[in-house]
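Next up, some structures in structure tokens.
Shared between the two complexes below is subunit A, which pairs with subunit B and subunit C, respectively.
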Partner chain A sequence: MSATAEAPPAAPERRRWSRGNGITVEPRVRAPLALQALVSAGSVLGALLVAAALLAASGNAPLSVYESMVDSSFGTPLAFSQTLIQATPLILTSLAAAVAYRMRIWTIGADGQFLIGAVAASGIALKLGADAPALVVIVASLAAGALGGAAWAAIAGAGRGYLRTNEVISTLMLNFIALGFVSYLIFGSGSFWRDPTSATQPLGKPIATNAQLPGLFEFADIGILLAVGVAVLAWAALRWTRWAFELRVVGSAPRAARYAGIDVPRKILSVMCASGALAGVAGAIVVCNVTEALDPRGLDPGLGYGYTGIVVAALARLSVVGIVPVAILVAALLSAGPALELTGVPNAVVVVLQGLILLLVAAGQFFLVYRVRRV
Partner chain B sequence: MNDSTVIQFMVIAIGAGTPLVYAAIGEILAERGGVMNLGVEGMMLVGAVTAYWATAETGSTWLGVAAGAMAGMAMASLHAFLSVTLRANQIVSGIALVILGTGIAAYLGSAGPKLVDRPSGGTFEPILSGGLADLPVVGPLVFGHDLLVYGSWAVVALASWYLFRTRSGLQLRAVGEDPATADASGIPVARIRYVHVLIGGAGAGVAGAYLTLALFGSWSEELSNGTGWIAIALVIFSAWRPVRALVAAYLFGALTSLGFNLQLLEVPIPLDLLAILPFVMTLVALMVVSNLPSARRFGAPAALAEPYWREQR
Partner chain C sequence: MRGVSKSFFGVAANQGVDLVLQAGEVHALLGENGAGKSTLCSILAGLYRQDSGEVLIDGQPSRFRSPQDALAAGVGMVYQHYRLVSGFTVAENMMLGHPEMPFSISSRSLRESARSVMDRFGIHVDPGSYVDDLSVGEQQRVEILKLLNRGVRVLVLDEPTAVLSPGEVDALFTAIRQLAAEGRAIVFVSHKLYEVTAVSDRVTVLRDGARVACRPTKELDQRTLARLMVDRDLGSAAATIGAAAGEGSQEPARNQRGAGGASPRMESPRTDIPVLEVRDLVVRDERDHQAVTDASLRVYPGEVVGVAGVAGNGQRQLADAIAGLLPAERGEILLRGNEVTRASVRERVKQGCAYVPEDRLETGVAPGLTLEENLALRSYWQSPVARGPFVSLRAMARRAEEEVARFDIRGGRPGLPIRILSGGNLQRAILAREISADPAVLIAACPTRGLDVGAIDGVHRLLREERGAGVGVLLISEDLEELLALTDRIIVLYEGRIVGEMPTAAADRERLGLLMAGVEDAA
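Let's look at the complex of A and B:
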């Protein structure tokens, strides 16, 4: 630079991207909480609007469809209780997704872990039988669910940690394998889980009622409290434990983590196991309380709790506390599905809504990372 | 000789592998440009339902294929907008596309006059009967297919030539490896990414059309059953190379049809366990491939799944 240069400095030095149409896009340092909530709410509203267009195009009145959805999930104490029963596993599978996604481990294996958890839990409950004390059966089946889910997740976790295997595809393959395995246990073999007295149609052996969680007033059962409790525990663990701190380091800077002496593959394995255990407990709760038998069709209705958990986790912006209300909201959507079917609207509209919500949440991220301004 | 089990097995494997070929080639082109689209399964389902519907309406299988491709592109355009323009997380966006596609396909299949009950408007049949198709061995394997199978061979050859022998292919690979450098040399990064994500959508759409118009001849919600996800895994096995993807697709086609064949032979293996075989093999193969010492050398495009923004350093 020459000392004689007298030209005034040009535009202020600001990192800025412009197309010359009067709009600039600048990165934000941090997104305000209100904006985050706005993006989530906007995603749900946007999804409802687009789905309304789809409904209208196929000859259904969107408003009355939405009205009957709200009615059938919040309208009566019984309906609300159904919603809470749906929310219980959903909170757990959403936590399963959020815990892993915070570490940038993109598992979509909650569905398979849920199923294997259900297999393990129903196996223990059936083995202990109707005469065992309820507390023993409940604790044993929940623990078995957690172990089953964690073991199933460990396959993909070890693959990602030690072999650098893409976890998105490996967990998905494990979902299909788990689904095939469960249907083999009931439809394809005379396994321990299959009811030998049902000759005409293959069914799961009924699980005795001593495996069921105690009721909670007139609303659902204590499962919802259990799920909320797990969410609080997860929040505390993520905030205050060394394990979670190291996971955060692994997630945001794997190389720094390695230099700091953190065993990165082992951390990845452990977070996958934690995620799998959460999904496995969800499977245990559903198999013991809702289907009351290992039922490949009824266990995981619609899109499946595992995949729906991804939508909830994204909508809650991976906030462990935020997951609880969001899960109840999305559970309302799920529990409205069957009622919709009665009015002649395909249940699939619920899946469309979930897809749209997730898509819009992903799009909305843009407004949280960048600020769009007129100049 | 041509009726022997082995030959029949290979013929079925080629049929079952063809949707994988279309979907995997499409995904290879998208990923070579640096955009990972996990939504293949969703695009494929929407393509399948649209193709079946269009053929039932018009009676033309070719219009069906065109409609399937367009539907796949429409779905892919969502992903392109999110991942290129909005720089969204491509994994989340891809999963959203799968959920949305599953929902839309199921909705279209069951809303109004149920597509499940609608008679097919036509299917793709082998183009040659007798003559060349009766030659021993090569007859059924080379001359016994429908036009979409030959189309898939042409697509593989074309994609291979395009990627490695043309200037546009070189530009595409440059965008996928190092978008900043490509941008500096005047290559339109965003436009190239958009175009190839759309091509990927068309590939998945045609794959879906093949399912309803050739392989099954009917529509059902469970029809793709993980085909799209296996196609994504094939892209990894093939190290982003079209010809290898063709070979891998036929291997997996063979696995998928193995259950059917073992049943014909009355081998006592439960069907449910055979049905999961392709997924087990994909998982095992994925774990082996990702740990090969050559994985780094033949690996993914360097900028895969990373949004590009000129101002970001």
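Let's look at the complex of A and C:
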């Protein structure tokens, strides 16, 4: 106890690191908006330059590759609608990550919650059948997705809140269990979700079109508007509700939260449920509109929307406003991949390109957190 | 060690301290919190480097640049916070960093060599268990074994008994005496007098970073030691010590400043309802130690009750339990006559309980939140900030504006986290928040610790104002000057028990010092 009294005074809050070469690095309290925009643009540009060197070295013309990248993600209505369809679940899973991370709950469980959300949503949609009114099916399946995701997240949330289990481990394990469960429903059992008419290859039962969201243009549906609407709601809620005030207090200092009379374990559970609900809605949207059947293949492509959402949330620095454009950008990068392969750029280069851009954007954030000065 | 000085950020922690250790002796280092004991030990063990002065080992000046250098010279230290690698076994921890460790070794031969070390020194811990599963006493034994295995001749133990149970303390003392008998020098840091007299051969007393005495232990009684430790009126001249020891036992010197700001209305027993009453309170802390035992106290409106005690004697847990942050295991807590023993933090706030926690930056405020948000931290769930499920940012800002003006909180800017405030302004913000809730009782735990003189004055003024406004104040402090100047009554806490209570007018530093050090009330 007396160590606190006898220890030297704590170092001043604004620590500096002098590199001995006339440059110091010091933490910023807050980065101005203009700088944030500048750094984001600068690091994307930097990434494109580095990637250009790489492309040139591998025998591709950088400019034409970039051109076809833009074309294949924004160039045509078809391409753009593909990007938006990818961005929709990504916005929701990024929000799921951001909400929890703001309270320093390091969940990586959005992927599992996404899958369970998809199971619940497709279950309701299949149950209601093709004859039910579209609005009822849509609302019911979205709600089921949210509930399913929240319930799945509640397992890890209760563990973290009441039993102090590590949420990183528990959510990761729950992701594998969710994936195994979905596989079991389609491949391992004659479950309600499996299509009994397809005897040769196990498939999910097709979901009727009355579960699909109304179209927006080309292939895109109003899902993107829904996701942006959820983001706006989340932004407002994080700013103006008591729930979010408590979330900020717990995230900043759990002991201060107890001092403020906040039930911290309950708060952790409730934030995990909110995060799970967001991921679950993403699952509901994808299963009803994109795959149109519960099927482990194709439901959650690539790294998985849950994990990619973590990347998006980190790139957006957990800013809800930032998540929407970043998610669209990342979706564009992802949807450009297959198109690029068609133009002859090898898949490996495409993946490196995507990784490089994300890496440099992340590295650029150094300048938002720290100030570099000459002295 | 000769003439060792060290300062941190301009604050002197050690000033020209001499310390001579002889082989085969247990040398106690005694002093209040902040007297410079840990700093001196850390210099000896190579963790810090002195600003001036020298450290001589066997008469040879040595300049340790790291704890490794000190270890090579035979000086090892057991820190207050143990430096064991969690997730490793006892044997692994003992052998880690040993220069003769082979690159690769089987866990069995590791355990065997650990066991042979234990046999050699007669100190035993199961070498195969993981250090996380050990009790604090066992962990301490591992720390000591680790150093003995490196062949230390000077063993520094920084407050080794602070976390031990009485039985473990006895075992430690036996081990200490044996290690000294084998020719090692043991430095034993403590502020508990009976331990010093029980185990040490010689004692060096530090006060305000300077050495005030160095005598054989048997020449000093506990009363003299206490006085050397706390009484600033006694000069540091060694000549006065003997004389003081003689008269001290019969006629305790009265402290001139004792009455301070207190008013003499303590005499008659009061009949009004105390704003805070605690009856036979038992509190366990987060680590399941019984931190407060059978504590009973009353705070009446318009009085300041001081809680004196060396840090870590249950003050924080007592305050936390009253404020509702720690559950009471037994006993009762009443605010304005209403029982709140099981009530939530918010219920207690509603009953008029204001709390300035000891841990300013992690409990008193949420450091990442803004000043406005922090000023609403203890009332955001009610009007005017709460609007149904929402919070009114405007109400928050308006309130912040008022309190910034009224309490002169400087350095904050809207939208920036509160952690950018200086310590004094941060504490003013916390006090502003707690006081503007119009409390019945204000619990202030170490409210001036680490603040500069001007900020301390400001805090004291606010506490006096609250007392004048009829608020009951419970002031927990390690600073006797502060308690003597501000309080009407003083309670002394030692190892979680209330060992003494007296009107401030009748209190003097010596008696408080003895009580704080665990010596039975001689009055």
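Throughout what follows, the second predicted complex is superposed on the first by the 300 of 375 C-alpha atoms of A that agree within 3 Å, B and C clash if a C-alpha of one lies under 4 Å from a C-alpha of the other, contacts with A are read in each partner's own complex, and residues count from 1 in each chain.
Just so we're on the same page, contacts are C-beta pairs under 8 Å (C-beta built on N, C-alpha and C of every residue); 3 or more make two chains touch, one makes a residue touch a chain.
As the structure is a prediction and not an experimental result, all values here were calculated from the model.
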Item to check | Contacts of A:252 with subunit B and subunit C, given as first, second, both or neither | outcome: second
Item to check | Contact breadth on subunit A, by residue count: subunit C or subunit B | outcome: B
Next on the checklist: Under the stated touch criterion, which partner chain does A:30 make contact with: subunit B (first), subunit C (second), both, or neither?
Outcome noted: second
Item to check | Touching partner for A:260 - first (subunit B), second (subunit C), both, neither | outcome: second
Checklist entry - Who does A:240 touch here: subunit B (first), subunit C (second), both, or neither? => result second
Next on the checklist: Contacts for A:192 in the overlay, against subunit B (first) and subunit C (second): which applies, first, second, both or neither?
Outcome noted: neither
Checklist outcome for this item: So the subunit A residues that subunit B and subunit C both touch are none
Checklist entry - Which of the residues in subunit A come into contact with subunit C in the complex? => result 1-9, 13, 29-30, 239-243, 245, 248-249, 251-253, 255-261
Checklist entry - What residues on subunit B touch subunit A, complex-wise? => result 38, 42, 78, 81-82, 86-89, 91-93, 95-104, 106-107, 109-112, 225-226, 229, 232-233, 236, 270-273, 275-276, 279-280, 282-283, 286-287, 290-291, 295, 309-312
Checklist entry - Of all residues in subunit C, which touch subunit A in the complex? => result 8-9, 11, 13, 33-39, 80-81, 159, 162, 191, 310-313, 323-325, 344-346, 349, 355, 357, 359, 362-369, 373, 376-378, 380-381, 386, 389-391, 393, 415-417, 419-420, 449-450, 478
Checklist entry - Touching subunit B in the complex: which residues of subunit A? => result 15-17, 27, 54, 58-59, 106, 108, 155, 159, 163-166, 168-170, 172-174, 176-177, 179-181, 183-184, 187-189, 303, 307, 310-311, 314, 346-356, 358-359, 361-363, 365-366, 369
